[in-house]
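Letters A, B and C name the chains as they come in the text, with residue numbers starting at 1 for each one.
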Amino acid sequence: MSEATVREITYLEAVREALIQEMRRDPNVFLLGEDIGVYGGAFGVTRGMLEEFGPERVRDTPISEAAIAGAATGAALMGMRPVMEIMFMDFITIAMNQLVNQAAKIRFMFGGKASIPMVIRAPAGSGTGAAAQHCQSLEAWFVHVPGIKVVAPAVPYDAKGLLVTAIRDNNPVLFMEHKLLYRTKGPVPEELYSIPLGQAAVRREGHDVTILAYSVMVPRALEAADQLSQEGIEAEVVDLRTLKPLDQATIVASVSKTGRVLIVHEAPRTGGLGGELTAVVAESEAFDYLDAPIRRLAGRDIPIPYNRTLERAAVPQVEDIVAAARELAREGR
Amino acid sequence: MEEIVLRPVLDPAVISHGRQQLLHTLPKERLAWMLQKMCEIRYFEEKAEELYTRGLVHGTMHLSIGQEASSVGSIAVLRPDDLIIHHHRGHGHTIAKGADLKLMMAEFLGKECGYCRGRGGSMHIADIAGGNLGATGVVGSGIPTAVGIALALQMRRSTQVLLAFFGDGAVNLGEFHEALNMAAIWKLPVVFICENNQYGMSGPARTMCAVQPLSVRAVAYNMPGQTVDGNDVLEVYQVVQAAVERARGGEGPSFVETYTYRWRGHSKSDRNVYRTQAEIEEWKQRCPIARFKQVLVEAGALTATEIEAIDAQAKANIERATEEALACPEPSPENLEAEVYAP
Amino acid sequence: MATEIIMPKVDMVMDTGTFVEWLKKEGDYVEKGEPLFVVLTDKANIEIEAPASGILAGLRAKPNDVIPVTEVIGYILGPGETLPGIREPEVTAEVTAAAGAEAVAPSSARTVEEEAESRAAPGRVRATPAARRLAAELGVDLTSVPAGRGPRGRIHKADVETIAARITAIPAPPVPGEPARAVAPPTPAPGISPIPPASVRLPDARQKQVVTLSGPRKIIAERMAYSAFSAPHIVLSSRVDMSEVSRLRMRVQEHFQQKTGQRVSFTAVIARAVAAVLPRHPYLNASLDGDRVILWEDVHLGIATSLEDYLVVPVIRQAQNKSLEQIVVELADLVERARTRRLTPGEMTGSTFTITNLGMFGIEWFTAIINPPETAILAIGQIADAPVGHEGNVELRPMMQVTLSVDHRIVDGATAARFLTELKQTLENPYLLI
């Protein structure tokens, strides 16, 4: 594949393209969610799809998140491959019982005699000024539930490839789409392809400090790494891509190499994925290579505020990553 | 503006007449089968209770003794390929849907050969191959899932229908409202069966629900609704049959309330402090199995000897299943993580 | 905040600098840009300018201290500024915590808590996992590191590397009656580097793999290069008839094995012989410390042990007082733990004489590089039947060639020969040992 021939499209278009191509390929795949039909979804992801696939497969639902999740779960139990959209990840709380107590449990609870192949698409994250009830990043809750997988792509190429894999996966997969990434562009092949779950990507190699990031924090970490490079600090940026299953091998290898790790996520620090990542490093063979304490740079333990300045201050920005990585890279050197 | 009224599933006027008709139109084998299932449910639960007392059943269990007509009367209507989804008090539905008694008892005993290989227990028995899509332990949780199952049937243009069972405790959940509305707007092939055994644990349905009877709720979702005598297996049969026909015909969901009573406590830890012994005794007089036997004899559908033989057979089936289940191996705790996700 | 005065990096390949002198005193006022102190690099003395204007305080570097680059060696206080929390200078092992504290003027700004935090409790070391791992590999005792470069004196990997590079010059075995002390590291001879200078042209060949010289390998490279190019080696060799040792070994083998569960190795017998003979040859059991030679009472016998990727030298302490049985048991334990990398740093440092044996590889003889600061090393070849003249006949006898390298700065050929001859006689009549 030559770089020159790959066209660039947005993350949003990449998500849509994965949906369209999978729906053309497999008649069991269908969409359901609020305002996804003629409206095209709150963020326009499914725009134009009603025309091609009709109202049965691009199914507008009442504002009933529990029933949406239940309908997806039941249909998946029957062998369909529903892709449900939760308009804002915050609203997933209403669907929690269906997802956690039904979708995630059915396979194990019934002795492995059923499976639930479904995808929950959830636009997440702050930066849009939508404040406390429309900006959350709730991935840690789902990572904690056996039976659900969690995917958080950072670039358009992954958004398409990972969504295709999520749709084909025989389990409930929470697919986090960051609202600020929707308009970012990147090379995405037109043909249908898939990316295996559970494989992190080393976005940038470096030997001074490892930055573990996912979703919108990946481009921020990369920008920070470029700045740090000018100061002589070479950061290695690992894009986790899938939060569950987690690619522990790549994390451990990178931290063993650099001896320092900065974990960056938007979700609040306390009880966030960063704690789990910290434990993964500390319990691994990378421990013996650590030459500084493991550091977390996460969202503050506050609801996302409305005011632009306050909102920005609530979650890690490029300059925060630069400062934290710089301090960590220099410590004891 | 049109007056909003409760539309019955089946004209109440035909029920009494229809009961007699059924005794003659249903094949004798079918009637015998219904009686046998009711007896098996009763003996199964009594046996499970005994095993529990002997410490062989782990956890708790929710017995449906006294409610056998509701499950058997509903499921007897179905074609073998039709589906059910049900709830924690689900032993009756499972047996009525044709479960292998040995695999079922093995699940109670937590055995590897049980329906869920000892992972689910009494509260979560599913027999996917047999069309029993499982019992949920969270009150009301199966109702939205039922919407999805019925949606899949509709999208595949299937002629199968789904019976979705839940209790009176479930009708005050948001999930109930969301699901019934969704099923109604999409005209899904599902029959919602609310088994009103009068108590949500200790909470009486008559004081916990703002409207009585519960079938009135159907009005809000523009679907037919009807309350039937849940201890009369033939009345349950007639109304559910009408609802199933409606669903199969693409006319959408119905809501059937089977008014019944559980003789035992909510679970094994229930001390029955919220109701009187007199009330329990009164309902025991309305035993659905005794009533059915009487009706069968009176109508000349089955002789007393035949009924005795069916009863004895049911009891023997449970004894044999229990013996075999006890001999099953225990599951291994190794590598359970590998079972969490489907390959 | 007070301005830190640090050991500056003034040369590209510089890891440490030797402090020469302060040009100002504690309490003096300095102007930014004024010459403040002098540092010796391997090229020249360099004057370093004051990084700020103010009062000098907390000056802790002393002449001849070897200090890692970026290490804080003092402060310049502006108006209203006070000294930050104490951080002891990482100089040499002789700087005890108490001495380090004295070197810094107490500041009212410091709280008791800070003071407590600044120093680890006795016996407890604040170090990163990577530093601990490297210290274990290199045999660096972290309790001897006064303070690391991390926050509150935390020891990092780079601290261990710096310390390990200096171990070459620090004799660890304590002299009885004299407190443990370190000596100033010798100034490496100019131009000595384990790594070929960049100007050397590499062969024009296809590369298979490029291995970075790091960790233990790098330390070994530095130490061996230092030894080879600073200590003029002379090498003496002798053939030893091992008939009697073989016989002795056969006789006692069963008894030893029953008693200790270990077989008597030739290395153990040779070690016993060396330990018995060495006290009579003090200059071969000695360390060179600047312009003096320390003759050790104890024979701390190092046994070079090859691991997959590098060498370690586990030490049998006070071997002169140990029986063959004790040596057999101790050696078996040390070698086993060396191979499984479970030796503690203390068990791998402080030898006064080293034995290295390549006999098991079928090597007839070889010369070894002295393990500094020792003055001699004994290289053991294989034992093989060879024709030797005996009472007018040619007989086949189990012969072993031993080769002694000595530091000619301290040991002359005749001194070395006397030791080697006595060792040969002892091995040929090993019953003297029992």
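Quick note on the criterion: a residue touches a chain if its C-beta (ideal position, glycine included) is under 8 Å from a C-beta of that chain, and two chains touch if they have at least 3 such contacts.
Keep in mind it's a predicted model, so treat the numbers as computed, not measured.
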{"item": "Relative to subunit B, chain with the most remote C-alpha centre", "value": "C"}
{"item": "Geometric centre: closest chain by C-alpha means", "value": "A"}
{"item": "Between the pairs A-C and A-B, the one where more C-beta pairs touch", "value": "A-B"}
{"item": "Distance between the centres, which are taken as Cα means, of subunit C and subunit B, whole angstrom", "value": "82"}
{"item": "Geometric centre distance via CA averages, subunit C-subunit A, whole Å", "value": "52"}
{"item": "Between subunit B and subunit A, distance of the C-alpha-averaged centres to the nearest whole Å", "value": "41"}
{"item": "Subunit C to subunit A touching residues, read off their complex", "value": "70, 128-133, 148-151, 154-159"}
{"item": "Sites on subunit A touched by subunit B in the complex", "value": "30, 56, 61-62, 64-67, 69-80, 82, 94, 97-98, 101-102, 106-117, 146-147, 149, 170-171"}
{"item": "Subunit C partner contacts - residues on subunit A that touch it in the complex", "value": "259, 287-292, 331-333"}
{"item": "Contacting residues of subunit B [partner subunit A, same complex]", "value": "85, 114-120, 124, 126, 128-129, 133-134, 136-138, 141-153, 155-156, 174-175, 178-179, 181-182, 185, 337, 339-343"}
